[in-house]
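Note that the chains take the letters A, B, C, D and E in the order they are written out, and that residue 1 is the start of every chain.
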Amino acid sequence: MNAIILLAIFGVIMMLSSAFIKRRRTYKYIAIGGIIITLIANFYETYNGALVNIDLHDLLLFTQTGYLFNTIILLSTAIYFMLSSDEIGRVGSNAGEYFALIFFVLCGISVLTCYNNLLMLFLGIEIMSIPLYILTGSEKRNLKGNEAALKYFLMGSFTTGVMLMGIALIYGGTGTFQLTGGYTDIPPMTSGVKYMSFFDVTGMILLLAALGFKVSAAPFHFWTPDVYDGAPSVFTSFMATIVKVGAFVAFYILFAARANELSVQWNASVGINWHMLFAVVIVLTLLIGNITAVFQYSVKRMLAYSSIAQAGFMMFALFSLNKMATEGLVLYSVAYSFATIGIFAVLMKLKDYSYDGFNGLAKKEPVLAATAIVFLLSLTGIPLTAGFFAKYYMLASALQVPGYMWLVIVAVIFAAVSAYYYFRVIQAMYFKDGEPELNSEIKTTFKAGLIILAAIILLLGIFPQYVLNYLYF
Amino acid sequence: MLYLLILIPVLAGIGLFFVKDRSATKATSLFVSVIIFLITVWQLASPGVLHTEAEWLPMMGAKFSLTADGMAKMLCLLNAVSMPLILAGTYNNNYRRSGSFYALMFLTQAGMMGVFLAADVLLFYFFWELALIPAYFLASMWGGEKRIQAAFKFFVYTFIGSLLLLIGIIYLYTKTPDNSFAIASFANLDLSVREQNVGFWLFFFAFAIKMPIFPLHTWQPLAYQQSPTAATAVLSGVMVKMGIYAMLRFVLPVFATSTDHFQNIIMWAAIIGILYASLIAIRSNDLKKLVAYSSIAHIGVMAAAIFSYQKPGAEGVMLQMFNHGINVIGLWIVVNAIEQQLGTRKISELGGLAQKAPTLAILFTIMALANVSLPLTNAFVGEFLMFNGIFRHSMWMAIVACISIILVAVYTLNIIQNVFYGTTNALTEKAHDSNAGVNTALICIALFILLLGVYPEPILNLTRDTVTALFAR
Amino acid sequence: MILLAIDWWIIFEKFILTVIVILVCFLIALYSTYGERKVAAFMQDRHGPNRAGPFGLFQPLADGAKFFFKEEVIPNAANKWLFILGPIIAMTTSLLTSAVIPWGSHLEIGGRVIQLQIADVNIGILYVFAIFSIGVYGMMIGGWASNNKYSLLASLRGASQIISYELALGITLIAVLMISGTLSLKTIVEQQMAPGAMWNIVYQPLGFIIFLICMFAECNRTPFDLAEAEQELNQGYHQEYSSMKFGFYMFYEYVNMFIAGALMSSLYFGGYDIPFFDESRLSTNWAGILGIITIVVKSLIFVFIFMWVRWTIPRFRYDQLMKLGWRGLLPLALANMLITAVLVLLFNK
Amino acid sequence: MQLLNILLLQAAQTQQASGTSAEYIPIVVHILFALAFVAILVWISHLLGPKRPTEVKLETFAGGLKEHHGHARQPVSVKYFLVAILFVLFDVEVIFFYPYAVNFKALGWQGFITVLIFVSLFITGLIYLYKKGALNWED
Amino acid sequence: MPVEYYTALSAILFTIGVVGVLSRRNAIIIFMCVELMLNSVNLLLVAFSKMHHAAHPATVAGTEGQLFVFFVMVVAAAEVAVGLAIIVMMYRNVRSIDVNFLNRLKN
C-alpha cells in the first residue's frame, strides 16, 4: 500500500516539478530520492504494516511475495535510475515528465503485485501500459519511434479489449471479480475434478492471450522487437525489464490463484489441458525468441528477441504453478532485470548498436566489458551468476509436473541456443579488434554502479537465499 | 582444509588479472603453480577419505561439502602436477595480456579441483560449468585462426551437455527422500527402471560430450587444434578426465541397471570411435590434430573399459586417467616446442629434428613409447587392465579394440620417423635443442612414465577404495 | 406472429405526446426567430418585422416556407452524405432532449393517468447530456463535410467551445444532484415542489450562474457565438448550406435555447411548479395544464434572457472564451461542488 | 419479432417497476419520430426546391480570398486537438462524480474525504496544464 | 430479456471490432474498432451484472459489474487521449495514418 500511494504521489510531484522547476538536473535527484524513499517505505511495510489504513474491500491482498516483488521492482528501478537517468534527460525536452510517467508505470506495477480482484488487474495493467505508449513515442521527430509507439498503442489497446472480454466472461461465469485466494499459498491439488464453466474457461483463455501479449509470449510477441527497437533505448531497457516483470507477476497471480482448477489435467466440461496449453506457448516462445535472435545484426534488436526468449523461461512459473515456481519467478525477476538493465546501460553508451559496434570494447573500456560479461553470462544462465539459479528454479518447478520432461529438455536446448547470441557480444568485445565509438564520457560513478550491479548478480549466483529468504519469515 | 585446494588457485587467478608485466606473470604463475602442487600433496597426504563441509543453500539441501576419496585424490594430484609441468613446458611462449592468460589457467584449475572434490551434486555442477568458462576464454582469446568458432563449438557442446546434466540432477533431486544434493543420497536412490533410464541418458550425454565418446566428439579436434597449446594441454590432460571421473562417480553407481542395459551400445560406439580416431590420426599431417585424435582414441578405450563394468577395467581406467594425463601433456609440450621454434606443425614440413635437438628427440621417444603403451611404460599397465576388463565383458569387443594398439603404433612411430629422423630440410636446418623449461617438464614426465611403468602400485593403492566401493553393490 | 395483449394505449399516448412536444418545440423555435428580431428591434429602437400579418406575426411562417422553395446547393468539394447528415443530426438531437423533461405533472383522461413526460427514465440527466454531446457532431460533421476552410475552422471552434464548457456544466450539475440525490428530472422537480421545500436556486445561486453561462456557450449564443463569427469566418460552419438544411442549423439553435430554458427551469426553478401556489388545491387536470403553461413560460423567460444578452454584450475573443471556461468556470464549479458537499453534510445530518 | 414480443411483454409486466429496458420504449418512439420528421422535411425541401446548378455556384465559398481556395483537409492548430483530449480526460473524471453525488449522503464524511483527494488530483492536473501553457490560446 | 440476447449482441459487436482491427488499414478506424470492442464488453458487463443480480435479488450482487464499466470508460478515455496524440504525431511526421506504412522497423 505504501508503495502504491508513494509512487502515485511522487509521480504527481515529478509532474509538477517538471512544470515548476527549470533545472533539469534536479529531476534526476528528485526521482532517485523518490524511488529510494518508496523502497524504504515498502521495506518498512513488509515488516511493520502500512502507514495508512484503508478499507480495501479485499480488492488488494498484501502478501509477503507481493512485497518482495515490489522491492525487486523498486530496487531495479533505483538501479536503473542511477545508471540511466542521464540518458533519460537526453531523450527529449520533457525529462521531468518522463520520470513522472515512469513513476506512474511503477504505481501500476505495484498494484499488480498485490491485486486480488480482476478490476485491480485491469487498472494495474492499464496504469502500467498507457504511460509506456507515451514513453515509446517520446522521441517526437524519430520516425521509428513514432511507428513503434503507434504499433504498440494499437496492439496494446486491442489487447485491452481482449483482456476486458476475458474479465467480463469470467465475471459471467463466476459472478465475481474476486480471485479465489492468495497466490503465495497455492492450494494443493484436489483429487476431485472441479469444473470451470464455459464462460470461465473462455475468459481465462482470453486473459491468457492478453497477458501473454503484455509479457510478449509467442504467439502474441510480434510487437516486441519493433517496439523495443523503435523506442528510445533507455525506455526499452525499462520496458524489457521492470515492466515485463510487473506483467509477469500479474500473470502469475491470476493463474496461481486458480491453480487448483487449472491443474486438473483435462478439464472435462470444456476439454482444456492447461498444462499442454502453456507448454505449447512456452515452446513457441522459446523457439521464436531464440531462433530469430540468432539472426539479428543489431544488439538492441537481439536483446528484444532474447527478451521474448527469456519470457519463455519465465512462463515456466505459469506452467508449473507451485511453490518452486513462485521462488523461481522471484529469482528470475531479479536476475533477468538486473542483467538486462546492466547490458542496456552498457549498450546505451555505444554509438553503434550492431555487434561490430562492440568490437574491441574490452581494450577501450575494460570495466564496461567485464561487467557486460557478467550480465551476459547471467542471461545465459551460467552458474555463479544469478541467472543460473533463476533457470534452475524454473526447470525444477517444471520437473515437478509429471510427464513434461520433454518440455524441460526443449527449454535447455534453447538455453544453449541463447548462448550463441549472447556470446557473440562477448566475442565482439574481447576477441575482435576495433575501435568502439562512445556516446559520451564514461563517468566513474557509472562504472562503480555497473560493478556493484555485477557484484550483486554474482552474489545472488552463489547465495540465492539472500533474496528468497524474504519470502518466508 | 580441502578448501585451500580451490581457494588458492581462485585467488591466484584473480590476482593475476591485475598483473601487467609479462615476465613477472610468468614467473609468478610458475611459482604459484608449484605452491599449489605442494599444498595439494600436503593436504591429500593424510590417508583415508577426507571430508569438509559448510552451509551453502540450506533451503535446497545443498551444502558446500568436499570429499576426497582415492579417485578424487588421484585426479587432484594430476590436476596439481599438470599445471607446473605445462607452465614450465611452455615457459617461452609469449601471450598478449599474459596476466589474463595465466589467471584464466588458474581459474580453470580451480574449477577442475572443485569438480573432483565436490561431494554435493549441485556444487559439482557449479564447478563443472566454472571450469568451462575460463577454458572457453582461453581458447578464444589466444588460439589460432579459427579459434572463435572452435571455442564456441566446444562451449556449446559442453553447455548443452551440462544443461541436460542439470535436468538430470534436478530430476534425481526431486526423487531423493531427504531433498538433498549429497552424492551419497543420490547413490542410495531407489529408482524405477524408467526413471533410471531417463536419468542415465541425461547424465550420460553430459559426460560423454566431455570425454568425448564417439559420435559426440566432433567439437574436440577443432578445439584442440585452435586453442593455445597450454590450454590444449589442460583440456586434454585434465579436463577430459572430468568426464571420465563423473562417469565413474555418477553413472555407474547411480544407474547400475541402466548401465547394464545400455553398456553394449556404448561400448561399441566407443570402440568404433577408437578405430575411427586412430585412422584419422594416421592420415593427418598436423601434429596437433594427430595428438588430438590419438587422445580421442585413448579416451575411447577408457570409455569402453568403464562400461564393461569389470573390476580390472575400472582399475585400469583409474591408472590410465593419471597416465594419459601426464603423457598427453608431454606430447603437447613437445608439439609446442616444435611449433614455437619452427613456426609450423605440419609433419610433411619437418624432418631430421633428432640431429638438431637430440634431447627433445630422446624425451619425445619416451613419450611416444608410452603412447603406444609398450611394456615398462606407465600406459602399459593401464591398457592391459582395461583390455582385460573389456575382454571379460566380450571377447569380440576386445579383439576389435586391440586393433587400435597397432594403429597407435603406426602413427606414433610415424611421427618419430618423419619428424625426428630422416633428412633435415631448409626449415629444420636452423632448429636447435629445446630449452631448460621444456627439458625439465619433459624429464619429470619421463620419470613418471618409467616409474609408474615399473611400479604402478601407488596409484592402484590410492584408488583401490573407490574401485571397491564401485563394485560393492 | 403473436402480439401479446399489452397496454397498447401507452404506446399510443406516448406517440401523441411525442408529436405534440416536437411540433411545439418547432413552433417555438420558429417564433423565437421572430422574437429575436423583435427584441433586437426594440433594443435598437426600431420596429422589426411588421409586414407579414399583424405585427409581422406571419413572418416566421413565411421564412419557414421559404426554406422549402430555396435551391439546395451542395458544393462539389463537399462530402455529400455527411453534408446532408450534419443538419439532420443537429436538428434531431436538439429535439430529442425534450423526451425526458417533465412538461407537467399528469392528466387524467377517461380514467387513464397520462404522464406529461415522454419518458421518466431514472438517468434523465445523463440522457440529456448524452444527447447534448451528440449534438456537437451535427456542427462538426457539417463543418467538416463542407470542405471549406472557414467552415472547418468554425466548427472546430464551436466544438472545442462546447466541450470546454460542458466540463463546468457537468460539475455544476453534480452540486444539484448532491442536493436531490437522484438523476431523474421528474424526481428533482417533485422534490422542489414538495411542501416546505424551496427551489434549488436558493441553495445553488452560484451553481445556477455557472450553469447559465455554460448554457450560453452550449447553445452557441452571443457572447459565445464564436462558431458564427461573421467578421472572421464569413458565416461560420454553415456557410455552404442553403434551403432546409440551413434552416435546421438555424432552428436547432433556437430549439436548444428553449430546451436549455426548460432544463434550467426544471433543475433550479421548480420546473412546472407554479410559484407561491399550492397545486394540490386544483383538480388534477387543471394542475397539469397550468403546470405545462408554467414551465413553458419559465423557459420562454430564459429564451428572452438569451436574446437580451445577445444584444447587450459583445462577442468574446476566442482566447478569452477558453480562458473563462478552463481557468474561470471549471475551478469555480469545483469549488461550488465542494462547498455544497460540506454544507449538505454539515446541516443535513 | 420474438424479440419485440419479449420486450413488449416485459413492458407490460413491469409497468411500475423502474430501471427496466421497457422504460426506454417511449424514447425509442420519440427518436424514431424526430428522425422521421427531420428527414421528411429535408426530403420535401429537396423535392420542392429548384435545381439550377452552375460551375461557380458549386465552388467552395472562399469569401473572395484566393488563398483560401482549395481543400480544407489539412492539419489545423494542435490546440484544438489538445482541447479535445483535455475534455475527454476531465469529462471522464466528472463521470465519477455522478455516482458519488447520488450516494453522497450515505457515504458521509469518509466519502467526502475520498472525493476531496480525487478533486485535488483533478486540480493538480489543471495546475500542471496551466503551468505547461496548455491553457494558453494567445500564441 | 434473457441474458443470451445481450451476450449474443455483445459477441457480435466484439467480433466486428476484432475483424475491423485486423482488416482495416487506417489507424483511426482501427482505433474506433478497439473502442467498439471495449463498449461491447461494457454491454456484456452490465448484462451479466443484471443477471447476477436477478439470481440474488435481495443482495447487492451484481453491482460490481456496473462499477467496472465506469473504470472501463475511464481507461478508454485515457487510451483515447494517448492514442490520438500518437496518431497525430505520426500524421504530422509522415502525412499518413495508414498502418501499411509502418514498415520502417522491419529492416
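A few remarks follow.
Assume a contact is a pair of C-beta atoms (placed from the backbone, for glycine too) under 8 Å apart; a residue touches a chain by one contact, two chains touch by 3 or more.
Small disclaimer: the values here were computed from a predicted structure and weren't measured.
Common neighbours of chain A and chain D under the contact rule above are E. Here the chain-to-chain distance from chain A to chain C, counted in touching steps, is 2.
Counting hops only between chains that touch, chain C reaches chain E in a minimum of 2.
Annotation: A-B is the more contact-rich of the chain pairs A-B and D-E, by number of C-beta pairs in contact. Innermost chain of the displayed assembly, by C-alpha centre distance to the whole-protein C-alpha centre, is A. With centres defined by CA atoms alone, the chain at the far end from chain C is B. Averaged C-alpha coordinates put the centre of chain D at 18 Å from the centre of chain E. Centroids of chain B and chain D (each the mean of its C-alpha atoms) stand 81 Å apart.
Chain C and chain D have centres, each the mean of its CA atoms, that are 14 Å apart. If you average the CA atoms of chain A and of chain E, the two centres end up 26 Å from each other.
Shared interface positions of chain E, defined as residues touching 2 or more other chains, are 78, 85. In chain C, no position touches at least two other chains.
Contact of a single residue of chain D with at least two other chains is seen at positions 84, 91. The list of touching chain pairs reads A-B, A-D, A-E, C-D, D-E.
Note for the complex: chain D touches chain A at residues 121, 124, 127-128, 131-132. Listing the residues of chain A that touch chain E in their complex gives 119, 122-123, 126, 130, 133-134, 137, 140-141, 143-144, 146-151, 153-154, 157-158, 160-162, 164-165, 167-169, 171-172, 175-177, 225-226, 229-230. Per the touch definition, chain A reaches chain B in the complex via residues 377, 382-384, 388, 392, 395-396, 399-400, 405, 408-409, 412-413, 415-416, 419-420, 423, 427, 430-432, 463-465, 468-469.
Put simply, chain B touches chain A in their complex at residues 56-59, 125-126, 129-130, 133, 137, 140-141, 147-148, 152, 155-156, 159-160, 163-164, 166-167, 170-171, 173-174, 198.
Those residues of chain A lying in contact with chain D across their complex are 12, 15-16, 19-20.
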